[in-house]
Every structure is written in C-alpha cells, then in structure tokens.
Amino acid sequence: MRVTAIGCTAVLLLAMTACGGREEAGGTGTTATGECQGQQTTGITDKSLKLGGIYPLSGPASAYGAIPKGIKAYFDFVNAEQNGIGGRKVEFLVRDDGYQPPKAVEEARRLVEQEKVFALFQTLGTPSTTATWDYANQQKVPQVFVATGASTWGTDTAHPWTIGWQPNYVSEARVYAQYLKQEKPEAKVAVLFQNDDFGKDLLGGFKRALEGTQVKIVAEQSYEVTDPSVDPQMSNLAESKADVFLNVTTPKFGSQALAADAKNTSWNPVHIVNNVAASVTVLKPVGFENVQGVVSSTYYKDPNDPTWQSDPEMMRYQAKMKQYAPDADPAVPYHAFGWAVASSFHKAMEAAKCPTREGLRDSVRALGNVQVDMLLPGVTMSTGPDDGFPIESMQLMTFKGERWELFGDVIDTRKEFGPLTG
Amino acid sequence: MSDTAEVTRVDAPTRAGALRRVAAERWRWIVLAALFAAACYAPFQLVPFRVFQFTMVLVYAVALLGLNLLVGHAGQISLGHGAFFAVGAYGAAIMLDRFELPYPVTLPIAAAVAFVIGLALGLPAMRLRGLYLALVTLAMAIFLVPLLKRFEEVTGGSMGLTLPKPAPPAWTGLAEDQWLYFLALAVAVAAFLSAYSLMRSRVGRALHAIRDNEAAAETMGVRLSFYKTLAFAWSAMFAGAAGCVYTWVIGFVSPDSFAVTLSITLLAGLVVGGLGSLSGPLLGGLFVMFVPSISQDVNEAAPGVIFGLLIIAVMYVAPTGLAGLTGRAAHSIRKTLRKE
Amino acid sequence: MTGFLQQLVQGLGAGAIYASLALALVLIYQFTGIVNFAQGELAMFSTYLAWQFTAAGMPFWLALALTLAVSFAGGMLIERLVIRPVEGAPELTVVIVTVGLFIFVNAAAGWIWTFLIKDFPNPFPGGALEAGGLRVSYSTLGVLVVVGLVMGLLYLLFQHTRIGLGMRAVATNPDSARLVGIRVGWTLALGWGLAATVGAVSGVLVAPLLFLEPNMMGGVLIYAFAAATLGGFDSPVGAVVGGLIVGVAETLAGAYVGFIGSDLKVGVPLVIILGVLLLRPQGLFGRAAVERA
C-alpha cells in the first residue's frame, strides 16, 4: 500500500505541475466595443439574450415551480409578437434546485460556466439566493429580481450584482403596522409565523415598526413547514384573547389558520393575512363565508380577482397564457407573478444604457418610477444609489363577497418609515 | 441482509489459490491507482462547474462511507445521518464564524464532535433493532432542524451562516474550485483508507459477524452493544467530516439544507450504490449528484417523477446496488479473459 | 382548567389524524413485514382521486366508495408491478423502492393536479359540539369515530379470520407459510390493497382539516410512524392509542412547557418513542419477539 501511496503522490505532483491545462473560466467571456468598451457581453448578441433561473421544481417547495411558467409564457409572447426585447430573442433556461442550497450553487455554476447565460434571472428562496450570491458577484454576473422578500438584498452593499424585486417582508410588515396604528391604536396582536427566514423577517419588521406605539404583541406562535397542521398553535393563540391576529404563513398553513379562526366562534379578532397566503385560491377552500372582512395587502393583480376582469393587461395575460402556456392554469397567482417579474425585466433591460452585464446591473439600480402593467395602479419600481428595493409600495385590501376590495391609498413605505437600512 | 454478504466477499480473502489472489489484488491496486491518477488530473481539464460537481460527489461519498459502516457492515439502519452531516457542517461553520479558527483545524474537531455525539446517541439507540432504530434516527433528523433554529446566537437561526471559502495557497497556483476539490479528495482518500483498514481489523470482523448472525456472534463472545455503538459513532464521524468539507465548499449553512430529505437521500444513495462494498459509497455519491439533473433533462415539468422511477429501476436491475452490478460485470469480464 | 381540557381535546384531534395513517402502516407491516414510506403519498393520491370524482359531479359517498375500490385495486397493482420484482431482495432494497415510490407519487400528483390547494368536501357538519365551555368540532369527532371503526375492523381481521392468520404466517416466515399451502403472493398483494384502502380513508378524513395539496401527508407520516412505533407495529389498537398519546403529549408540551414551545414540540414524540423503546422495545401493545439463539 505504501508503494501505491507514494505513486499517487508522485502523480499528484506531476498533475499539479501540469496546472493551467484548462482555460480560466472568466477568460472565455466576450466584451463590448465602442461606447461600452470592456464591458461583459457574455450571453447577449444583437439577436439573442440568454437568461437562467433556478427554482424548486421538485421537493417540498415545488409549488413555486409555477413561477417560471409565467415567465416563459411572457418571453415566448414577446419573442413571437414583439421581436424579443429590443430585437433580442430571449432564451430562458430553468434549472431545478429542489430548494437545496448546494444544488442551487451547482445550477448557478452550470448556468454561468456551461450555458454562459447573460444573467441569473431569479433564484428562488432566501437559502438558495444566499448560497449563490457570493459566486454571482465574484463572477460579476447580474443576479436580478431574486424571488425572495428578505431585506438583505437591498441593505447589503457588498453584492452590487444582486437585487430583489418583490416588496421585502419588512416593508409589508410596516404596512400592517401603519394600518393598526391608524385603525386600532391600542390593539393587542397575536402572531402566527413560519419559523424560517420569511416568518422571522416579517415578524421582526413588524416589531420594529410598532416601537413607540400603543399596539402590543401579546402572543406569538411559530410552526415548521414540516408540521401537519397549525391547529394547536391556533388554539394557543386564541387563549391570548388578542383583538388582532396576524397570519404570517404560506398557502396551505394560511388556509388552515383561516379555517381555525373561523371555527372558533368565541375568538373573533381582526384577521390580517400576509400577501404570500392572500390569494383567492387560499381563501376559497376555507369557504368565502368564513373569510369575510379579512385584511391583507398586495402589489400585483390577482388573476382570480374579478376587479381586473376587464383590465387590458390582465386580458392580455389571460389570452397569452392560453396561447403560449396551454398546460398552465392562468388562475394560479404564481403564473401572474412570473408574468409581472418578466415584464419588469423587459423594462429594466430596455432602460439599460449598454447591452452588457454592467449595463443591466446599473439599470436595475437606477429605476425611476417605472410602471409595470401587471402591478397595481400606483405601484411602481424605483431604485437608486442608496435604495436597493425595486418595489416598496403596497395597498391594503379587505375581503368582501367573493373578492378582495382595495381600500385606502397605495402606501409607500419609503415615505412613511424612511429608507430601510440594515 | 444475507444477500449483501456476497458483495463483501469480493473484498475478503477468498478460498481461491494464493496466486490468483495476488493477481486479483494487483489488478485492484492498478485500477485504484489509475482512478486516483484520473481524479488528480481531472480538475485541470474540466470546467470549474464540473470540478464543483465532482467535489460534491466526494463529499457525499465520504458521508456514505460512514453510513456504509453502519448499514452495510453492522447491519443497522439509520435514517438520520443527515443530522450528523449537519453536526459536522455546523460545527465547522461555527468554528469558522465565531472563533475564527483556521479551516484545517475545523476538520478534526468537527469529526470528533460528531463522533462524541454519535457515541452518546449510540448508547441508547443501539439497544434498538432494525426498523425501530431507523425510526428513532429519523426522528432525530427531524428534530435537529428546529433545534438549529432555536439557538440563533450560535447557529445564525433560520438565516444560516455565510462563511469565507478556504483560499488556495499561492504556491499551488490553483484556482479556488481546484483547491476545494483537492481538499475534498484528500479527505475522501483518507476516509477510504481508514474505512478499508477498519474493515480488515478485528472490529470489522466483529461487525460482519453481528450483521450475519447476531446470536451466533454473541455466543462466540463478540460484545454486541460495544461494537454496535462504536460502529454508530464511527459512521457519525465520517458523516461529520463530510459535513465539514461541505461547509468549506458551499460556504453557507442553513437549517433547511439539512432537512429529513437529506437523510433519506443518503440512505437511498447508499443502497443504490451498493451496501457493504468500498465502491458503493462512490457510486452512491455519483447517483445522488448526477441523477437529479438527468431527471430534469428528461422531464422538466416534474423531475421527481423520473427520479423516483430511476431509484425503483436501479433496484430492479441491481437489487444489491450498482456496486454489485459492476462487480458482476467485472467478474464476467475476467472470466471471458481467462478463457481466452 | 377549561383551557387545559380544550388543549386535551385539541391533542386528541391531532392524534386521531396520526392514528388514521398509522393504521395503514401497521396493516402493511403486518402483511409484508416492511415499512412503507410511500403509504402517506398513496393516501394523498387516493384523496385526489376522490376529489376528482366529486369535482366531476359525483355525490360524495359514491365518490368515496369508488375511491376505496380504486385504491384497493391500485394497491394490489402496485404490489404486483413495483414490489414483486424485488420480493426476494434484502429488506432494505424493498424499503428504498418505497422511497422511490414516495418521490414518484408526490411529483406525479403535483404534475397532474398542480400544487394549488383543492377544496375538499367535508363529510361531517361544520359546527362544533359545545359543552361546559369546551368545543369539539364535529370533524374531529367524526375522525375519531371512523378511526375507531377501522381499528375494530382491523382487529377482527387480524385475530378472527383465516386471512388474518395466513397474513401473520406470511409476515413471520414466508417460506414456511408457502410450505403449509398459503398463497404468499396473493396474501402480500391483499396486504397492499387493504393498506391502500385504509390509507384512502385516512386521506379523505384529514383532507378537510389539513387541506388537500401534494405535501398534505408528508408531515403526518412522521407522526404516524411515531404512533405505530409507540403502540407496537403489530397492533391496530396500539397504533390508535399511540397516535392519541403522541397527539396529546405534543399539544400539551407545546402549550405548557415554556422551553419546548411550538417550535420544539416535534421533539416530544422523539422522546416518547425513545423512552418506550428502551423500556419496552415491542411497543405498548406489541408482542415481544422471541429470540431463537
């Protein structure tokens, strides 16, 4: 065995001296000439644009795997009917990470090094995004509009190539805090939250926004995504006799909590459900008669909401989804989310001064009140040198009959609470 | 478990003549040396993304090697090895993050911590058998996730910890991915050698005796609980070492990365790779790494459909795992060669 | 005090859910001697079938009967197609095949029916029975009653029928059973069919409470394992009692033990199982296996 070990070491040393046998990863990229000289043009030509996204298509979080279907439908539609984005046909590659960070790293490397994408357009989930953003920033690849509302993406300064899109969970928490301050200044709040980055971020933001007010949190209960049911948590919360219930959950648990609240006739708090679980598809299984008066907030148009029935963008979405993604049900809100984020990318790419990676990076960080038709009227995208959050406005809504009814003005959390800092 | 004994018999000295044995041994070392040479040469030829993939194969292989000690050699089923993997990964992460220890130091400590925890849990757990042990270890793996979230000051809670990756020393002239690959390769080689010598020692023989017939082994004076607990602790140690290298390579740990799926994937990977053989863990690592992406290429809408089918298919074709299959193939090749 | 009793009721309700799936696990273990990881997913799939039937306009009870029949046939078919080829292989190989089946069925359900929540009709009335400040919803009562019924039927099947006798013989020693003229293959298939049927009952019972989506049974499975381990894998009564104990202990610990809280309550079944197994490895109601040296 000793002989083999020595032999192997020799081979190892030999191999090491042969280093440099492969091309360096960065060396194969292309750069622009002319005005944008020296900037990276990997994955983009005058006719084409290659993007890559990483989503959980398998495993426990596969529900979110619907988002890329909406994105693909949008790009297919733009490619076929509008000659792509600025004459460039978009190719959108989707890879599965099963919501596993090591898988996300692997897929990010595959997209960047093997597929040579222009940008990572969405990685889904805080863990997967955190695991990949160091890599994206080292390689200087834009990682734009990541599908997670953690506030880190906007407050961090060491990762200029990564940016979020949806309102971050802290901003959403601020909207509810604002609502309570005005409507129920002495509210006692019970909170149910998912014990992960999403739940903790929203609850933390809510607590910070309540500082200095008379609104108090009197009970908190968490659940794990692996729990079968949140019923035990709900009965614990009911004992607190709080007069407001903040429901910070993902869809299935949202339905369970709404049902538990409806069943318990001796506890009737004002029920606030967070945006993630506010889709009509979550409320319907509980029974519309049981969810009257529930409060939530939103920023994009729900395809199940009759309010938007004759909205031109919604009609276009419904028609094009049927045409370009015939297998996908347009009523799934994740599809609409995908549509909205893809059209946001369309706008950001068009606004880029240079058709380069640097151009996209700078463009998404200099959005000035950009309108996206799938977003609510009055909700726009704005970013700046010290503002890394594209969407920070939301509007409150309450459930009446069979649909959400928007009320009040669009709340711009930047104006109400000042910019968000780490 | 009697069928798996056949696979290991290839490792053990056979009844065949000494001459043929020497020849077989020599063949094996030549193959291993060639494999090792290829493993050393590969990172200079492959793109960084492929190098990363093989680094992860090595990480999984080390974990599976540990699991193999327990399942393949001692005949005890664990569905909680993701937990020991997590202990190693978090151990390394906490040492790097809170105490800012140099990274080479984290490996022995992480492995030792996993060993001690394995020993502590092994004492009660090893009184259980088969199915019950599997379920208790499964419950441990599930419990670990909320536990990691609870001690937020140390573990970073549900946000996890982000860590710097080990930088290649300047004298090597290696890129980061190559350096990480060689670190993983070094750990894997050390792990394979120690597992190999462990199995050839008195302990290995005692474990085989327990697996094949517990009662007989006990009658012959093998201290059952002692060896079983030891096997559990060792397998935890290997998993811990693998977890430590995982932290170096990924540079990020979070509780949900070590959910119960990891434990089940590890066990499935081992059985698919082949129980009780030395090549099983490596083949299992390749399966765990590459088959999910292949599944996605086949069916993008629902990769799980293909992945599930592939697991079932491998078990049909090779009930003793891929190692058994390659073993059979090698055997028949040798036989044809000898005939000529 | 009312608060405590209410928590107790809550725990029993959760326990009944765990018990319903644990019964299917016990059943298949009795017939085949293996732990079926796919049992929960098969139950979920059956529930989707029931949903599909009602969505097509079928009355609930007819849809249920049809679902049970299809599940029985499906279970037998799975045994023939998926399990039979690895029958002689090591036990672990069969277990891994069920893991593969788990992944396959889960992904297939998501593929066919998407991951959106389906509204599943509740066979029980919506309200709650109120007495002395306590509220017990009719759904919970209904689940408890049905679980008790299934338990009774299984007990009769195990102890007082020829099938039960043959089944125990097959699970204990297939070779000897074959020698005395029991049709082993048929008995194994029957076991899968019956377990799938009991699983379908479980799925239909819990769907109105947990809401139907492909991951509905994933969380329940672990607790059902705990219940079956606690009660003993060879006893339907044990599975139900085990389920109720796990549900109550978990709920009470989550509510009243400050350190445990709602995040660590999943550790309670772990501690219970470990404790029970160390003191009584065969479970509360199980029969101790006699070792032959």
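Note that the chains are named A, B and C in the order they appear, and that numbering of residues resets to 1 at the start of each chain.
Quick note on the criterion: contacts are C-beta pairs under 8 Å (C-beta built on N, C-alpha and C of every residue); 3 or more make two chains touch, one makes a residue touch a chain.
Chain by chain, the UniProt names read as follows: A = Branched-chain amino acid ABC transporter substrate-binding protein; B, C = Branched-chain amino acid ABC transporter permease.
The shown structure was predicted, so the numbers you read here are calculated from the model rather than taken from an experiment.
Of all the chains, the one whose CA centre sits at the greatest distance from that of subunit C is A. Interface comparison, B-C versus A-C: the higher number of contacting C-beta pairs is recorded for B-C.
Put simply, the C-alpha centre of subunit A and that of subunit C have 36 angstrom between them. A straight line joining the Cα centres of subunit B and subunit C is 32 Å long.
Shared interface positions of subunit A, defined as residues touching 2 or more other chains, are 58, 60, 62, 195, 224, 226.
Residue positions 103, 107, 110, 222, 263, 266 of subunit C each touch two or more of the other chains. Among all residues of subunit B, those that touch two or more other chains are 142, 146, 149, 260, 301-304, 307.
Residues of subunit B touching subunit A in their complex: 29, 32-33, 36-37, 40-41, 44-49, 52-53, 56, 142, 145-146, 149, 157-160, 162, 172-175, 178, 189, 246, 249-252, 254, 256-257, 259-261, 292-293, 295-296, 300-304, 307. Contact residues of subunit A toward subunit C in the complex are 58, 60, 62-63, 65-66, 195, 221-224, 226-229, 231-233, 235-236, 239, 251-252, 255-256, 259, 263-266, 281-282, 284-285, 287, 329, 332. Within the complex formed with subunit B, the residues of subunit C that make contact are 35, 37, 82, 85-86, 88-93, 95-97, 99-108, 110-111, 222, 225-226, 229, 233, 263-264, 266-267, 269-270, 273-274, 277-278, 281, 291-293. Remark: subunit C residues 3, 6-7, 10-11, 13-14, 17-18, 103, 107, 110, 114-120, 126, 128, 135, 137, 209-216, 218-220, 222-223, 250-251, 254-255, 261-263, 265-266 touch subunit A in the complex. Contact residues of subunit A toward subunit B in the complex are 4, 7-8, 11-12, 15-16, 18-22, 24-25, 57-60, 62, 94-96, 98-103, 105-106, 109-110, 112-114, 126-127, 130-131, 134, 150, 195-197, 199-200, 224, 226, 327.
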